[in-house]
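Going in written order, the chains are labelled A, B and C, and every chain counts its residues from 1.
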Amino acid sequence: MPHFKLSVQLNALKLFRKRDWIVYLLLFILMGVTVYTGMATSKGTMVTVSINSQVRYRFSLQQEGQHAIEADGKKLMELLIVDSDAKIIHSACPLHLCERGTLKQTGALVCVPQKVIVVLEQNGEPVQISDEYDLITG
Amino acid sequence: MREALFYEEIGGSTVRCNLCPHHCEIEEGHCGLCRVRVNKGGVLYTLTYGTLSSISNDPIEKKPLYHFHPGTMILSVGSWGCNMTCPWCQNWEIAHEKPQVQRVNPDRLIDLTLDRELEGIAYTYNEPIVSFEFVLDTSRMASSDGLYNVMVTNGYIEEAPLKLLLQTIQAMNIDLKGFNPKFYQKRTSGDLETIKKNIKTISDEGLHLELTTLIIPGENDSPAEMEEEAAWIASVNDEIPLHLTKYYPAYKFNKPPTPDQTLLDLYSIATKYLKFVYIGNTNLSEGRDTYCPSCGNLLIKRNGYHVEVVGIQDKKCTKCQTEIKIKL
Amino acid sequence: MHKMSNGNQNQIMKLSKSSQIMILVFAALLLLFSVLFFFRSKPQYCSKVDIALGTTVKVVISSQKDPGLILEAVLREFHRIDQKFSVTNEKSMIWRINHSPDPVQVDEETAFVIERSLALARATEGAFDPALGNLISLWGFDRISDTQFQPAIPSNAQIQEALEKSGYEHIRLEKDVVILDKGVKLDLGGVVKGYAIDRGISIAKEMDPDATGYINAGRDIGIIGPKFGGDYWSIAVQDPRGESGEYIDLVYLKKGTIVTSGDYERFFIVDGVRYHHIINPKTGYPVRDTISTTVISPDAMDADALSTAAFVLGSEFSAMLLPVLGGQGLFVDSKQAIITSEGWSFFKEKQ
């Protein structure tokens, strides 16, 4: 009798081993997915575009290309994302002052006549311009 | 204010300027990116016809042009405005601010050139393309008066207007700002392909052409990029002189100046492909004088703006008799 | 055989101990992760950026009551003040006063702003002057953003003429009636931003007395409350000749305001000479000896006027005068020498 039980147990163990692998694999995949979504939602640096003080567009710096920025059916400008940076092009404003410089160079792109502000945000908070000070006057 | 060329109405008193590839759609009362072409009542006007911010006698080497009437002075004029947005602009007071200007019409300018006993006019300082109408009229008149015309430009212009300029301009120095398309887009607001295409067109047309690249640390100073740039220029014509100039902090860019060693390294790379490479804005002795590409004979000696042609006679190298295409 | 299949069935349903433990561990980790993720400390500070008074206005608030509402209210106030005190907007109060041949009856707020401006003008003996509308317009600094603005240096005669029609002494405020004599015109550009900052802070504190944060209007700053409820906000002073972000000094404030005037804010260049928007009320030309002034004061309106006055009065004298008028300052002259009033150093340390 004990001999029979042992072999059953052994067989049972072997079966369990196989199923173990499936379980482990599933768990591993689930782990991976959780960690990935966790990382993706908590570490995004986004370019946010506000029009008239409402955030209307969000882009990641990886979304290279020209993105139309519109309000009330009118195209205000295009946001060009290239080389991990952003700049305004083809703006419908009188002086095109907002088309000079890039986001990382100036910290913020502002088109005063069209009330558009483009900044970098991380986790919904504006990216700190400096770690040496909170604010700068001048 | 004079009516501009190369624009079209696109409805509702908005116009589209077609002078350069930006193709700005300009509403009533607005101007284009260059700031000197303005829409008033559905008509596009140029603000810089005969409005000059600077008029000066300059050595032609300053443009820089080293193979075109070396050692002579040229009347250089500039207005204001520019269709690019380079943050290190070395002429920003007139390209990106608004200087005070004086009115000088084309015929007055030509009289001035003749009075000063100069042989040519250079349209330079800020970007001459945005003063297209003025440059066209003046260069046309000047050519028929036997004067030569030089443009120092970023080359960012559409085909049709370029074709007109090719008939009245004798020499150009084009700023080839870099050789990376993303760099061009991000920093200058221009695009590399258009510049390349225009350089080829101008070279094929037979105009005298020299190229300048301002070397900016961390932006366009990679050896790999210079290899590509020099190789491409050579594929158009390996006798086009290339000027590598040292950058100094200006306008919105505060990085320290280009190290001399960087210039020397890029110079060595460029000379592998091109016959004539020069280094500007420095005291280095490399890349200063002109040597015969065949035998190494000293052709033109330069000390600051003191220039001496010592090795060319009858368009040939005095030592090995190779034809030298430098216009004396 | 029969027994085996029974045994198999049992074993299919049950998993090995190690697997069970693994699943439990995973479940625990998942729970921990969710807790950390969903209950992580929400961003302390909410912020909103808008454009008003010709500049970027950023309001940063931390509040137990609805911070979003406070942000909206503050920015709305900025827009309201912009409309009301604008020099170029034809619907503004200032436009009405400037273009009326007769005395104009004004509301309480306008009377207050004009009254305070006059007091500051008297205190600085005209170094700050709210009646330079004609001069500013002559130089074009009210139109410097126009498409067709062409910088031109006015002639001496034109400047003299504008000077005749300038001066706070020609503004009379009798109760709530404003009378402008000798054709002078109001331009409150030197205090409006400061006033708006003060109003913004009041509104925020009205809505939540415990709110903390700040208002940053074109780099003029008013503090609503200390950082995280008790800490200093560190504020750098822009190097007037440096790249944006480079600084020449660092101060720490838990309350109050700090305003800077610079010759690099609004200017044009002719023949290599910079002409900027801070005009010397005596000569009619832009001030040459100073390139930037920074003033700390409990009220932003004061700080605003004082930083303009200090620009005109020069570093040495301003360093002495400002504490008397309730401000502390840092001044940079045309040789880039930095001088500070005696009490400035108080702000360089965290007390």
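In this section, a residue touches a chain if its C-beta (ideal position, glycine included) is under 8 Å from a C-beta of that chain, and two chains touch if they have at least 3 such contacts.
Since this is a predicted model, take the numbers as computed values, not measurements.
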Core chain by centroid distance, with centroids computed from Cα atoms only: C
Interface ranked first by C-beta contact pairs: A-C
Rounded Å distance, subunit A centre to subunit C centre (Cα mean): 31
Interchain centroid distance [CA atoms averaged], subunit A/subunit B, Å: 41
Chain centre separation in whole Å, for subunit C relative to subunit B (CA means): 43
Residues within subunit C bordering two or more other chains: 147
Set of subunit A residues in contact with two or more other chains: 94-95, 106
Set of subunit B residues in contact with two or more other chains: 29-31, 35, 252
Interface residues, subunit A side, partner subunit C - complex: 8, 11-13, 15-17, 19-20, 23-24, 27, 30-31, 34, 38, 41-42, 50, 52-53, 94-95, 97, 106-108, 110, 112, 115, 117, 119, 123-126, 129-130, 132-138
Subunit A contact footprint on subunit B (complex, rising order): 22, 24-25, 27, 29-33, 35, 85, 87, 96, 182-183, 185-187, 189, 252
Residues of subunit C that touch subunit B when the two form their complex: 147-153, 242-243, 246, 268-272
Partner subunit C, residues of subunit B touching it in the complex: 29-31, 35, 38, 47, 93, 97-101, 252, 254
For the subunit A and subunit B complex, residues of the former touching the latter: 80, 82-83, 85, 87, 89-90, 92-96, 99-102, 105-106
